[in-house]
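As written, the chains take the letters A, B and C, and residue 1 is the first residue of each chain.
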Amino acid sequence: MALASRNIRKYPGFFSMTLLCMVLLYAPLAVVAAYSFNDSLSITRWGGFSFRWYLDVFFGLEADKFRDAAWNSLSIAFLAATASTIIATAASIGMVRGGEFRAKPASFALISLPLMVPEIVTAVATLIFFSAIGFVRGYATILVAHIVFCIPFAYLPIEARLRGIEGTFEEAAQDLYASRGQAFRFVLLPLMAPGIVAGYLLAFIISLDDFIITNFVKGAGIETLPTAIFGAVKQGIKPNILALSTLMLLISIGFVTISYFVSRKGVKPGGHGAPETT
Amino acid sequence: MKLWKLCAVALLVAAGAANAEGRLSVYHWFEYIPQELLDKFAEEHDVEITMDTYDSNEAMLASLKAGALGSYDVAVPGDYMVQIMAESGLLDSIAEGELANLGNVEEQWMDVPFDPGRQHSIPYQWGSTSFSVNTDVYGGDINTTSIIFDPPEELRGKINVLDSQGEVILLANLHLGIPQCSTDRDQLRQLDELLQSAKQHWASFGSDIAKDVLVSGDAAAGMIYNGFSAKARMEGAPIKYAYPREGIIVWMDNVVLLKDAPNRANALKFMDFLLEPENIAAVTNFARYSPGVMGVTDMLDEELRTAPESVPPADAPAGTFIAVCDEETQSVYDAIWTRLKK
Amino acid sequence: MAGIGGKSGESASSAFAPIRAWLIAPTWLMIGFFLVVPVGTMLVYSFLTKEFRGGVIWEFSLAAYDRFIFDRGLFGDEPPKLELTYITIFARSIVQAAIATALCLIIGFPTAFYIATRPVSTRAIWLFLVTVPYWVNLLVRTVSMKFLVRESGPLNTFLQWTGVISEPLQIINTDFAVQLGLFYSYLPFMVLPIYASVERYDFALSEAAADLYAGKWTILRKVLLPTVKPGIIAGCILVFVPSLGAFLAPDLLGGAKNFMIGSLIEEQFKGNAGNWPFGAAASMILLSMVLIVLLFYARRQSVRAGA
């Protein structure tokens, strides 16, 4: 039986597809990393090995601007992903565990709305709206706009996960006199964790990458990485952008390594669907 | 109650003080002005500068129209955009004598078609737009717009054109010898047919990538700005910048005084600052185009003074600015452009 | 909607019904205030007269929708014919987005499945591996993808070296390049939701099916796929809908020779055209198309949950 169950988890070709997926994901990044060491101005012609673009990122003329931009992007992505994941988790419980109610399809449409409106329309419309209500553009306007469009990206994976969890779990907990809060905290939340992690990660990367909306709602003196990069590209992409991108990769790998060691402490071996603290 | 009033007064004073400190809000292209120059101005005039950036003339216009007007003092639109902004009432006028250094502007850039008499703007940088050809691929005569619209065999399917309606339509007009903003229906149909038939020879539309496709060899010819072409050449692309005899496009970015500028006096100081040869030379050495101010040439890099992209040959044609057409003609141009890219 | 028999197993799924309003309220507030109001403005704009070079004049007009449907010739005074331009642009975008979604599914599903069947301790690492590349800006990623597949790029050099092809493949500036670019832009949006569903899958179901002599692929099709369907649908929505309005992959990899929905709408707000009502109208048409499909899906979901 043990042998059979191991087989059932394995499909021929799935591992090669995963490998292919990883190659496709990382091959372009290898190019980015390689050409960040290019000694010439070009990103397409190799001109010898050099660290000059890394020096440029840290000490060059635009160093402060890019550092501030990176900080804004990361902090906004962190805050927007956190806020939208919390909002989306609550909403998914209300939608999936809230029984039938008339406003359900409308609520679903509302949650998906940020996905459906073309970005440029959201951008212009939001700018008109913010100006009309006198919301001074700056860090806060970017954050609010990001939380709004991150919600569906966080919601959909969480909702899909929740649909796969049988209602009997919370019911059993409540039969044992757990309050609704306790049923959520100790039963539902751990079971939902992988969905929440997935939603959080998607919200994070979508916020980190946004250009069009940010470009319209940012105020004077604030840049995020995408607006800085799109602006810089007007003069042609220089390898300093590649060096910056490679550094971002290193930062993210740093986070992965840390969270790996943290999560290894937290996980008890063997549990089915055990919570991953990431 | 008294306390409340006191607080309100204190707040007002604080707000006033913040203004009096001296601020300047600049709406500018990204990486188009050296940071040292901004620092220099800030120090000389004890002004705190905040800068916001945009990535196209039209994006700036849309943003100002959607409610951003009143939060910036100066912006740096291209030639035709100055006229559009003035016509849309987005610009403030500079009264006579308000700019001490206006006399430094080169004669040819004072009475420009997009801002006659320089009522709203001063020159920032200018350059030309035509196309460059990879001389390894094609060795024939490149100084003709036929390279783009009726290309020789070697270049077919290897051409990149700018993804910008204004430049492409103006170059097509020059090719056909049609005046800009023509309302003659036969001429407009001719224009439409030319673009439709030329498109089959084009590999791509792209402005930001105009340099990279020439350097990488993805394109063997491409419409490009002169400074961009010089950069491509320095990165090793075996290309030559063309001065087509049918005509060449000239462009100029300008510093404009925006309407409802919160710090109008500092905006004028900033414009005066940029009219000083030493300061605008710093911009030119950074951005690699050309200044519109007298007495700058000696302060420019050697490379910049002699680049074939900046110094046209003696027989080169005069440049043409993109004209601002009326609504009727513009809507035909829009229709032609949409049909081209449908 | 709720079926009569929907009692025993499903009744527990309304454990949070008494406080559902509180749970959904933050979403309603955020999106309602910061998006529905602005988008409502746009809906109004689509019925106004265009102001030359951007902006609107407050006069009712159907010109934007008229332009979408009727072709009146280059000068706008010929008898109206049916306008095919915008329908073509919409159809092109839908096809490209659909192929990109299919590519994501073909590669993303096995990957998600593989990750979900790893030991618990390494799953998080795999998930991060899928998302780490997305810390690099979309523009930079797309440019490097272009570098890889260009005529004299590493991919062609490699394939020619191995002898698989003799002439370099022309990939950039083709439709396939656009699909590849969209695929690369949104891959994790397929993998992560599917992972979240498969991770919850109880393999005892597969075992039971195997005991009944069902083949592996039959189990996959008849047991696993229906169970993890919510994740697959979520992934498809998250890839397909953003792909419809994407502009970077079509511009950089496809050569921007033809408008896509995203670039068409952007041209109206940021291009020479400056026709805000038309841009708004095109957005509203796109919005209602997607909305109808999604509501159809949501309705089927709730019918199924109730029955």
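Note that in this section contacts are C-beta pairs under 8 Å (C-beta built on N, C-alpha and C of every residue); 3 or more make two chains touch, one makes a residue touch a chain.
The structure displayed is predicted, hence computed values, not measured ones.
Asks: Taking the touch definition from the header, please name the shape of the chain graph: line, ring, star, complete or other.
Replies: complete
Asks: Please indicate which chain is farthest from subunit A, where distance is taken between mean Cα coordinates of the chains.
Replies: B
Asks: Taking the mean of the C-alpha atoms as each chain's centre, how many Å separate subunit A from subunit B?
Replies: Inter-chain centre distance comes to 36 Å.
Asks: CA centre of subunit A versus CA centre of subunit C: separation in Å?
Replies: The separation of the two C-alpha centroids amounts to 16 Å.
Asks: Spell out, as numbers or ranges, the residues of subunit A touching 2 or more other chains.
Replies: 43-44, 124, 128, 230, 233, 237
Asks: Residues of subunit B that contact two or more other chains, please.
Replies: In subunit B, residues 59, 62, 212, 216 touch at least two other chains, as defined above.
Asks: Find every residue in subunit C that makes contact with two or more other chains and list them.
Replies: 143, 147, 269-270 - these are the residues of subunit C that touch more than one other chain.
Asks: Where on subunit B does subunit C make contact in their complex?
Replies: 56, 58-59, 61-62, 65, 84, 88, 163, 165-166, 185, 188-189, 192, 199, 202-206, 209, 212, 216-218, 327, 330-339, 341-342
Asks: Subunit A touches which residues of subunit C in the complex?
Replies: 1-2, 9-17, 19-24, 26-28, 30-32, 34-39, 41-42, 106-108, 110-111, 113-115, 117, 120-121, 123-125, 127-141, 143-145, 147-148, 154, 184, 187-189, 191-193, 195-197, 199-201, 203, 206-207, 210, 216, 219-220, 227-228, 230-231, 233-235, 237-238, 241-242, 245, 261-262, 265-266, 269-270, 276, 279-280, 283, 286-287, 290-291, 294-295, 298-299, 302, 305-306
Asks: Looking at the complex, which residues from subunit B come into contact with subunit A?
Replies: Listed in rising order, the residues of subunit B that touch subunit A are 25-27, 29-32, 34-36, 50-55, 59, 62-63, 66-68, 71-72, 208, 211-212, 215-216, 228, 231, 234-236, 287.
Asks: What does subunit A use to touch subunit C in their complex?
Replies: 1, 4-5, 7-11, 13-15, 17-18, 20-22, 24-29, 31-32, 35, 43-44, 87-88, 90-91, 93-101, 104-105, 107-122, 124-126, 128-129, 144-145, 147-148, 151-153, 155-161, 163-168, 170-171, 174, 180, 183-184, 191, 194-195, 197-199, 201-202, 204-205, 208-209, 211-212, 225-226, 229-230, 233, 237, 241-242, 245, 248-249, 251-253, 255-256, 259-260, 263-264, 267, 269, 271, 273-274, 276, 278
Asks: Using the touch definition up top, name the residues of subunit A that touch subunit B in the complex.
Replies: 40-45, 47, 61-62, 64-65, 124, 127-128, 130-132, 137, 215-216, 218-223, 227-228, 230-237
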